[in-house]
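See the structures that follow.
Two complexes are shown next, each including subunit A; its partner changes from subunit B in the first to subunit C in the second.
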Partner chain A sequence: MLDVRNLKTYFSTDEGEVRAVDGVSFAIARGEILCLVGESGCGKSVTAMSLLGLVPSPPGRVVAGEVLLAPEQEGGDGASALDLRKASESELRQVRGRRIAMIFQDPMTSLNPYLTVGVQLTEVLEVHMRMRGEPARERAAQMLTSVGISDAEQRLNDYPHEMSGGIRQRVMIAMALLCEPDVLIADEPTTALDVTIQAQILALIRQLQEGTGLGVLLITHDLGVVANMADRVAVMYAGRIVEQGPVEAIFDDPKHPYTAGLLRSLPQLSGPCETLPVIPGLPPPAGSTERGCSFAPRCDRVMDRCWQQDPPTVRWGSGRHVVCHLDDIATEDGERR
Partner chain B sequence: MSRALLEVKDLSVHFPVRRGWFEREQRWLRAVDGVSFTIQEGRTLGLVGESGCGKSTTARAIVGLNTPTAGEIHFAGKRMADLDGPALREARRGMQMVFQDPYSSLDPRMMLGDIIAEPLRAHRVYRSRTEERKRVAVLMDQVGLATSMSGRYPHELSGGQRQRAGIARALALKPRLVIADEPVSALDMSIRAQIINLLGELQDELSIAYLFIAHDLAVVRHTCDEVVVMYLGRIVERAPRERLFTAAEHPYTQALLDAVLPPRPMRDRRSLPLLGDVPSPVDPPSGCAFHPRCAHAVEECRVETPGLEARSHDHEVACHLTPDEWRGSDRRGADA
Partner chain C sequence: MSRFVLRRVLGLVPTLWLVVTLVFFLVRLAPGGPFDAERAVPPEVMAALEAKYNLDAPLLVQYRDFLADLVFRADLGPCFKYPGRSVREIIALSLPVSMQLGCLAMVLALLVGVPLGVVGAVRHNRAADTIAMSVAMVGISVPRFVLAPILILVFSLTLYWFPVALWESPRHMVLPVICAGLPTAAYIARLTRGGMLEVIRADFIRTARAKGLSEWRIIWRHALRGGLLPVVSFLGPGFSGLLVGSLVVETIFNIPGMGRYFVEAALNRDYGLVMGVTLVYGSLLMVLNTAVDLAYAWLDPRVKLDG
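Right after this comes the complex of A and B.
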């Protein structure tokens, strides 16, 4: 559905060029949830913004890569994929909201506080589907009901501040799915919510996604969310994807020392309750490493060559890959490139 | 034998609210409503619940940032309400706070060294700058900050370093109780474990007691000896750590535990999340405040407010039903 190849987004700052996204590749199939996981500043949100051409420019600039969106009709004979990086601004406007929708962490900042929810929902329908008046209002109410909001008709007259955080996020999801997009990009959609409300919203996203063919790019820092939502996972560190693969493989057998270290350091509800094994140090700003592996300063298995050479990518048939120098990663059936 | 360091007895904090311009009737938001607990010297008590449950208001009342409407707070054997002037200052020195977002709680125009020294200066602990500087160096070392960083400003630090600075400042006056309000929830995954471990090491070293406020139960399990669960201003369950995590007796505690997403893929996991939102504390539901969201509520729950009752010597629960009665009975289907 969406195929991202070697995406690079650089920012120019007083201290020089920052390679916030430094050669990121991933693909989202129809009906698949891909989780992009990483710590703050690793470039995961910039990646999402880059896909839709939303990187503030200046200072940001998408300098390389392809963002291929499959044609609308299934099968897709005749029409070829659209490269969003080459698309014109008007083509992009057709894609945003209509074919690729996005939701953010804090719905309060993405909803207009001066307009009722009804006005904001019907506006989307008018712009993208040329739907107005009563039919639009009906469609909006129907959408609110499907995201689990009761008294939808009544709620259309509410302003965002009259709703709780959980309900506001439901409204955002309703707005995002109004035009039946092919891809939903959700950037930390539950981070600002209580755990019980988070569970509700995640269950809702899964329920709306199952059986519709909607592809989801879920950006999060929470490995619990990843484990419960993802079909596939991409682990990002300092502007690059260091490990990618099916969710079971990543959690059962993490191969990159960063992924393994993160999983070990998580406080859990069961198991021993002693000092947590930590990854020492701090994550570097994305793209600050000139040469070698950017995780090397924190890695418990660092070797001489990690400092000097860029790590190779080791690939498996299952769509898994790991970017690391360690020999024992490649000695399994992986193919080194 | 440990002694009670902090005793909170029947604490209530109510805020006046006005509904409209012409409404005469005074209404009250019962943020905290009859809460009691004890923290022993050198131990950690976890205070958990969803946002709006009153956990932060409780903490603020303990350090004197909110005035209790009713109830008593005893710290180190003294009733806080009896103290004033120097005696109150002295008692306040003994309890310090660490906040969730160290960025908004550190003065952006002050250098790190001054931020950590500020409480020492406010309480005129040292006469000479040399002594003060020595103490700041010790504190920075204790929290794992290089002394060379004392000339840095908060914006030059990472989130983890800022939280370390916040902890160093809280420790400056050698408190016996540190109230930590969501100290790790704003931090990155790899930093969270570092700070959790740091808090544990400091406790071993300095035998500080913690009141640890958090919504993440997995974090609470790694830090606390005892846990208090609050819902809409009241305690619904209090139990020692292992008991709470293996044999919770309140359906709300169980729902919070179920909402924690384990970092293990489980494709078949489809446990029903807790429905609905926390109701408004201005207009709480009748009976047990949790009954509209409880999958196991019976008629009695709608009518009568359950009191906090001892189920064993160290386990208290405010629920009309026993776990045997509510486990396995999901009345949501039957009601609809």
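Right after this comes the complex of A and C.
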């Protein structure tokens, strides 16, 4: 559905150019949930913003890559995919909210405090579906009901500050799904919510996604969320995707030392309580590494060549790939054997 | 909301009483009196004058009489400088002129200032922003007593488009309104730009973009309300200042407004007139500030007016 190739987004700052997203590629199939995982500041959100051309510019700039969105009707008139990077502003506007919708981390600030929820919902319908007045309100209320908000008709007249965080995030989800988009980008949708609400919101996304063919890009730093939700996982480190593949494969057998470290640092509920293993050090500023592997300073299996050469991309079966020298050796060994 | 308004109106009374009392005693404490002239007045004449205007009575008695006149007859007493005319008459004649000038100037200021500020914010740090803000900076920095002669020189004496002075036909109003409104427009432009810049960076504007709304709709529907809040709070003091008139504009264009009396009355120790203009200005300021609070509550649903 959505095919991202070699996306690069740079920010110019006083300290020079920051390569926040440095050659990221992934694809989301119809009806698939792809989780993009990584520490704070690794470029996850910037990746999401870059897809829809929402990176604040200046200082940000998408400098390279393709963001290919499949045509609306599958196998219809053979229309080719639309490259969102080459699309005009008005073409992009027709994609935003209608074909690719987005929800954000903080539902407290993501809704306009000056407008009622009803106005904010119906204007999406007005802009994309030419639907106004009573039909639009009915559709909006119906959508609110389907995200589990009771008294939807009355709620349309409420302002965001009259709602709790969980309800607001439900409203955001309803707003995103009003036009039945093909792809939903959810940028840490549960981070700002408390734990019980988190579970409800995730279950809601799952429930709305199942059986509809909606592709989801779920951005999170929470591996628990990944385990619950993902079909496939992309692990991001310092502006690059270091490992990507089906969720079971990655959880069972992480290839990249960073992924392995992340998984080790998950607290286990079963078993004795020990000191939680952590990955030593801090992630480098995104894209600051000139040469070699950006994870090398923190890697527990670092080798000489990690400092000198950029790590190769090693492909394993079933859409899995790892960017690491170690796996290069492993496959070479494998071939030799 | 009606409770809020009622409470505010009731609150006007003690505040105005305080203002009146302070003004009453302060002007009388100031050295000199209303009948001091360059040539010494014979003591008998002075005594007669003071007796006529009740200035020879003890201060507290004067205060009591003055309050009684004000409260029961809405009478501010005679004007010392213009014998035979009461302070009320003078204000009734001059305030409407000043208010007309002030309203027109404020309309101009908003029509020019708000769009200029919006452009500055939307095109932040680009050419249009730099131009808009340079214009605004000039507008703020050039005082009205410089702007007025320039306007007169160009549009009256060179181009003959508008009359040099007086307040008679709409054509007479153009230059004074520009002169009174432009500096305010510049200030409003800067306020609008600041407010809009803050709102444009907010998360909900990013949401609006992600919804696929046009830039124009984002500004108009989502940003302007919040962005104009600083302008709205400025309107209380700003508008009341314009409404009571400006000494500079009224003097240069020879407009029979109220602005000049602020200075004149104080210099002449014209006790009644000082009281009158202060009272008008104070009441206007308080009424407009109440209006601003109401506008705030209307613009921002999170603001609750405590009844």
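Quick note on the criterion: the second predicted complex is superposed on the first by the 325 of 337 C-alpha atoms of A that agree within 3 Å, B and C clash if a C-alpha of one lies under 4 Å from a C-alpha of the other, contacts with A are read in each partner's own complex, and residues count from 1 in each chain.
Just so we're on the same page, a residue touches a chain if its C-beta (ideal position, glycine included) is under 8 Å from a C-beta of that chain, and two chains touch if they have at least 3 such contacts.
Please read all numbers here as calculations on a predicted model, not as lab measurements.
Partners subunit B and subunit C fit side by side in the overlay (superposition on subunit A). Within the superposed three-chain arrangement, the count of touched residues of subunit A is higher for B, of the candidates subunit B and subunit C. Judged by the touch definition given at the top, the superposed model places A:Leu276 against subunit B, while subunit C stays out of reach. Residue contacts after overlaying the shared chain place A:Leu111 against subunit C, while subunit B stays out of touching range. Once chain A of one complex is fitted onto chain A of the other, the partner contacts of A:Glu123 are limited to subunit C, with no touch recorded for subunit B. Contacts of A:Val225 after superposition: subunit B is touched, whereas subunit C is not reached.
In the superposed model, A:Gln198 makes contact with subunit B only, not with subunit C.
Looking at the shared chain after the overlay, A:Lys44 reaches neither subunit B nor subunit C.
Using the contact criterion defined above for the overlaid structures, shared-chain residue A:Gly166 touches subunit B, although it does not reach subunit C. Taking every C-alpha of subunit B against every C-alpha of subunit C after the fit on chain A, the minimum distance is 5 Å. Against subunit A, the residues of subunit B that register as touching in their complex are 50-51, 158-161, 188-194, 196-197, 200, 215-219, 221-222, 241, 245, 255-266, 269-270, 273-275, 277-278.
Against subunit A, the residues of subunit C that register as touching in their complex are 125, 202-204, 206-214, 217, 221-222, 225-226, 299-302.
The touching residues of subunit A, when paired with subunit C in their complex, are 52, 54, 58, 92-98, 101-102, 104, 106, 109-116, 123-124, 127-128, 159, 161, 172, 175.
Chain contact summary for the complex, subunit A toward subunit B: residues 39-40, 164, 166-167, 194-200, 202-203, 221-228, 230, 247-248, 251-252, 261-263, 265-270, 273, 275-280, 282-283, 298.
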